[in-house]
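Both complexes below contain subunit A, partnered by subunit B and then by subunit C.
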Partner chain A sequence: MTSILTNLFDGVAYGMLLFVLACGLAVTLGLMNFVNLAHGAFAMAGGYVCMVLVNRMGWPFFAALPLAFVSSAAIGIVLERTLYRHLYARSHLDQVLFTIGLTFMSVAAVDYIQGSSRVFINLPAALQGQFDVFGVGIGRYRLMIIVICGLLTIGLQMVLAKTRFGSRLRAAVDDPRAASGLGINVPQVFAFTFAFGCGLAGLGGALSAEILGLDPYFPLKFMIYFLIVVTVGGSSSITGPFLASLLLGIGDVAGKYYVPKMGPFVIYTMMIVILIWRPNGLFGRTATR
Partner chain B sequence: MSASSDVGCHAQRQARWHYGEAAFWLIVLACGFAFPTRYLIMTDILRLALFAMSLDLVLGYAGIVSLGHAAFFGVGAYAAGLLALHGIINEPVLALVVAGLVAMVLGFATSFLVIRGVDLTRLMVTLGIALLLEALAERFSNITGGTDGLQGIEMQPIFGEIPFDMFGKTGFFYSLAVLFLLFLFARRVVHSPFGLSLRAIKNNPLRAAAIGIPVNRRLIAIYTLAAFYAGIAGALFTQTTAIASLDVFAFERSADLMLVLVIGGTGYLYGGLVGAVLFRMLQELFSTITPQYWQFWIGLVLVVIVLVGRQRLHRWVLYVPNLVIRQIAGRKAVVAVPENDA
Partner chain C sequence: MFERNQLSHKAAWAAAVAAVAGLAAVVPAKAEDSVKVGLILPMTGGQASTGKQIENAIKLYMQQKGDTVAGKKIEIILKDDGAVPDKTKTAAQELIVNDKVNFIAGFGVTPAALAAAPLATQAKIPEVVMAAGTSIITERSPYIVRTSFTLAQSSTIIADWAVKNGIKKVATLTSDYAPGNDALNFFKQNFTAGGGEVVEEVKTPLANPDFAPFLQRMKDAKPDAIFVFVPAGQGGNFMKQYAERGLDKAGIKVIGPGDVTDDDLLNNMGDAVLGTVTAHLYSAAHPSQMNKDFVAAYKKAFGTRPGFMAVSGYDGIHLIYEALKKTNGDTDGTKLVEAMKGQKWESPRGPISIDPETRDIVQNIYIRKVEKVDGELYNVEFATFEAVKDLGKTKK
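This part shows the complex of A and B:
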């Protein structure tokens, strides 16, 4: 019984992490119908920035996290303004090719700068080990992830639902043409959202170094996970991707624990079944876009 | 003259053999005799060309963006490997066809998943199937040899007469023959009314359905055929290199394949063939400059190609040859850039 609860806890932490990593991708896809396979590269950038700051420069972990966010967001906005912007009107094939190219470049570049082995971030002592609550083992680091990601999710939901920017963003997602007709600067909204999504990915990358492992192949290895979150969750809201991430996290952890021999088999099968059943995602609209 | 006979005339004129095409194949054949020390790399290029042609059928003609075409390549490779290893079918040509058929069955089964949904769902499902097969191959390591791959494959002579030699000469001509036969068939298919209907579907599925083309059935058919081609390419890989390892399913293989097709151009059969030659040359060049980081430059090539625009690039590349052709053979012989690139 306790092992089930521990697994559930780990699965939730994993799922929350996936959500922070992938929610930027959901917005990119929903807002501009842009397939960004290079999303993982931004996460990796954040992870490596955090690693360099903590391990080489001796920054405290919690001070390095915001910087991981900022640096990824900065890279995101530069690339968006210089390169991505030209591709919104192109076909999906062009977008896929372009972002695969970027991913390959990021993999080789990080390999060149930092070496190909897996890196670890030195964690403060307060985050290591685990404690028991009624016999259920709770990892401190995972608890921190749940707290941070939970707060972020609530914050995102509030921004989307309550602020003026949120309503602009929702309008732009629903119908970009009508929104720009109403005087909303859609490209600007998009650039900002893109940068924010990249920043979140960077933060997620920094947090995930401990759990998912951080090496130059991160963008390729986890690309499928991000895409699963987005396709299964649909890209019309953030609740969809959130629930999809939790489902994926819990499913993956449980699958690896109870049927270790089947490995990643469980989630791929799950994904294909869900996509056959609902091609637009579990929580997606039935829109044809 | 009615509109339908116009289309027919146009299609027939397109389908006629040009001098350039004959010259192309003669040059390829001549390469086999001109560079006897380079059989291995040339065989590799032929295999890649066949694989690219397979993707071109789905991507260039039917407009299905697939990120997991390596799935069929891998299935073909393992099927050929297992057939030879356990001595089930010793004759290579027969084994090749059987391996292709195995991939074809898989293609038929998965085509129902692929035709559903929009581009993104297709990307996901194709990628997911390739990853699933990779996971399966790793899981059933008692059959597939796991991460070590299938080892100790010994190929029997072709038709029981022509043995494979260690320099790869037999492998090269064998691959070339297979490629040429399959090319002839693909050429027949894409110039048939069936091929024309595929182009209609790619340009606008709704309109294609409105004029009475059974969209889903056509897509299933071409996807299945492409799976057969990819399976043959995979089987050739195993038969000419005598190994099959897990990386036949790798995502990089599917991604590289996209690049091959993009370099060569989608939507005409020679795109895959030309692309395969250029891609291997690029790869060789980059890996002599930076053995470890050639992937970076490959990525850069992809990014630049997309940013410059594929159509514009092809116009530039064809500019000089077209000038020459125009001087010699007049306006009509000019090699046209395929319109409506995917």
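This part shows the complex of A and C:
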């Protein structure tokens, strides 16, 4: 019984992490209709910024996390203004080619600057180890991930649903021409959204170094996971990817624990079954475009 | 794909080759005056640290011993295969056909070494394996000689040690590819023969993002120790999550072949790794004078500690030098392989030799425990099993 709860806890933490990493992709893909395969590169950038700040410059871990967000968002906004916006109107194939190229460049750049071996972020002692709640092992670091990611999810949902910016964004997505006719600065809204998505990825990258490992091949290795989250969740809202992440996280952990021989395939099997059942993802809107 | 490194290396070697060619134009020399070694290593990709270490070690050796042996100038031509066997094969073909190399050497992973094997046989040139560790490699061509290790060597030794030291129940966690399966099978064979019991057996996918569920399973199985083989590079993640999950506090030890505590990465793994017992061919803390000099020279030249891959590369180039000395500069491949058989020398890792029967390495396997020495983590050797052959073959 306790092992079920421990697994559930690990699965939720893993799923939350996947969500923070992938939700920026859901935003650019679903809301802006842009295929950004370089998403993992922004996550990696955040991870490396955090590592350099903590390990080399002695910053506390919690102070470095926001900076991982800010730096990835800053890189995102610069690239959006200089490169990405020229591709919004282009075909998806052009977007794929452009972003996959960007991914390879980021891999080579980080390999050149930081070397190819895996890096770790030095964690404060308070985040290390596990404690027991009625026999259920709770990892401190994973608990922190659940708290941070949970708050972020609530915050995001509130911003999208309740604020003026949220309604502008939704308007800009639904009909960019009408929205700009109403005086909404559509490019600005998109740029801001893009940067925010990149920032979230950066934060996710910093958080995931401990669990997934951080090396220059991060964007390539985890691209498939981000895409699974977005395809399974559907890209019309953030609730879809959120539930998909949780489902995949829990499924992956449980699969590896209970049927270790089949473990790595569970996540793919789930994806196939869900997509046969609902080709547009769990919460996909049916072909509005 | 990742062209940058490849290009810069190519450029560097091209410059070197151009310089040599320039010299040759001034002093008209016969083609036979140089011996070419085609070095195929993963310089990019996840195995790049292996390639880097071997390249460094060879550079160091050639700085120390000079680049001329038996009147011939040694010329190294480096190709990056990114540990992808298809690329290894192409690289080997180019080296043999276009560059007319006299040796092919390197090979970061088993599939790479196997991909080049038929080419070595056809071209009748020695293939010196400096990294890959699966038993079968040397059986795939009579021209393959190995200076690294086989996983059977360290896995059987750690099994024997575990049995003798009161470890009765072991859970295994190994990466699901040829070397991982080798490690697992040889460990199991010796461990169960000695009366031990394997209570849990998990094979993790090679590209494994998260060890958590596997480790939880290990913890719930309550073994005395976990036997671990993961490729160098994943060891750090494994050890961190092992400590996070409190397996160390539950009294579950980590044992295994030394890959998990590779010197290359050991010092960054944190104190969780303290007390891990592994069996392996080399530790940077090996107490011989020769090793102290080797480590000091390596650190001075490259700023990092040499790992077992570096020492395998160092011995590999040494073997090439010695073979040329013995044939007196004759570059006939068959004669060179004959000359390599039975070679014996003192390496930074200790005394080693090439088994004349199998062309595989015979070496001491050391049992080591991770300890803190002068504030840094090292594998400190405390027991030695002398002149271990590859048990993967002798048992057959």
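The definition used in the following text is that the second predicted complex is superposed on the first by the 287 of 289 C-alpha atoms of A that agree within 3 Å, B and C clash if a C-alpha of one lies under 4 Å from a C-alpha of the other, contacts with A are read in each partner's own complex, and residues count from 1 in each chain.
We take it that a contact is a pair of C-beta atoms (placed from the backbone, for glycine too) under 8 Å apart; a residue touches a chain by one contact, two chains touch by 3 or more.
Everything numeric in this text was worked out from a predicted model, so none of it was measured.
Chemist: Have a look at where A:100 lands relative to subunit B and subunit C in the superposition and call it first, second, both or neither.
Modeler: first
Chemist: Between subunit B and subunit C, whom does A:211 touch in the aligned arrangement: first, second, both, or neither?
Modeler: A:211 contacts subunit C only, not subunit B.
Chemist: If you stack the two complexes on chain A, which partner ends up touching A:111: first (subunit B), second (subunit C), both, or neither?
Modeler: both
Chemist: Quick one: is A:276 in contact with subunit B, with subunit C, with both, or with neither? Answer first, second, both or neither.
Modeler: So A:276 only meets subunit B here.
Chemist: I'd like to know which partner A:260 touches here: subunit B for first, subunit C for second, both or neither.
Modeler: In the superposition, A:260 contacts subunit C only.
Chemist: Is A:87 in contact with subunit B, with subunit C, with both, or with neither (first, second, both, neither)?
Modeler: first
Chemist: Thinking of the overlay built on chain A, is A:29 touched by subunit B (first), by subunit C (second), by both, or by neither?
Modeler: Once the two structures are laid over each other on A, A:29 reaches subunit B alone.
Chemist: Report for A:194: first if it touches subunit B alone, second if subunit C alone, otherwise both or neither.
Modeler: So A:194 meets neither subunit B nor subunit C here.
Chemist: Which of the two partners, first being subunit B and second being subunit C, lies in contact with A:129: first, second, both, or neither?
Modeler: Touch partner of A:129: subunit C, not subunit B.
Chemist: Per the definitions at the top, what is the overlap between the subunit A residues touching subunit B and those touching subunit C?
Modeler: Residues 104, 107-108, 111-112, 261, 263-264, which sit in both footprints.
Chemist: Where on subunit C is subunit A touching in the complex?
Modeler: Interface residues on the subunit C side: 1-5, 44-46, 48-49, 52, 202-205, 207-210, 212-214, 216-217, 219-220, 233-234, 236-237, 240-241, 243-246, 264-265, 268-270.
Chemist: Of all residues in subunit A, which touch subunit C in the complex?
Modeler: 3, 6-7, 10, 14, 104, 107-108, 111-112, 116-120, 128-130, 137, 139, 141, 210-213, 215, 217, 221-222, 225, 252-257, 260-261, 263-264
Chemist: Could you list, by residue number, the parts of subunit B that touch subunit A in their complex?
Modeler: Touching subunit A: residues 59, 65, 67, 113, 116-121, 123-125, 127-129, 131-132, 135-136, 138-139, 251-252, 255, 258-259, 262, 266, 292-296, 298-303, 305-307, 310, 342 of subunit B.
Chemist: In the complex formed with subunit B, which residues of subunit A make contact?
Modeler: 29, 35, 83, 86-87, 90-94, 96-98, 100-109, 111-112, 220, 223-224, 227-228, 230-231, 261-265, 268-269, 271-272, 275-276, 279-280, 288-289
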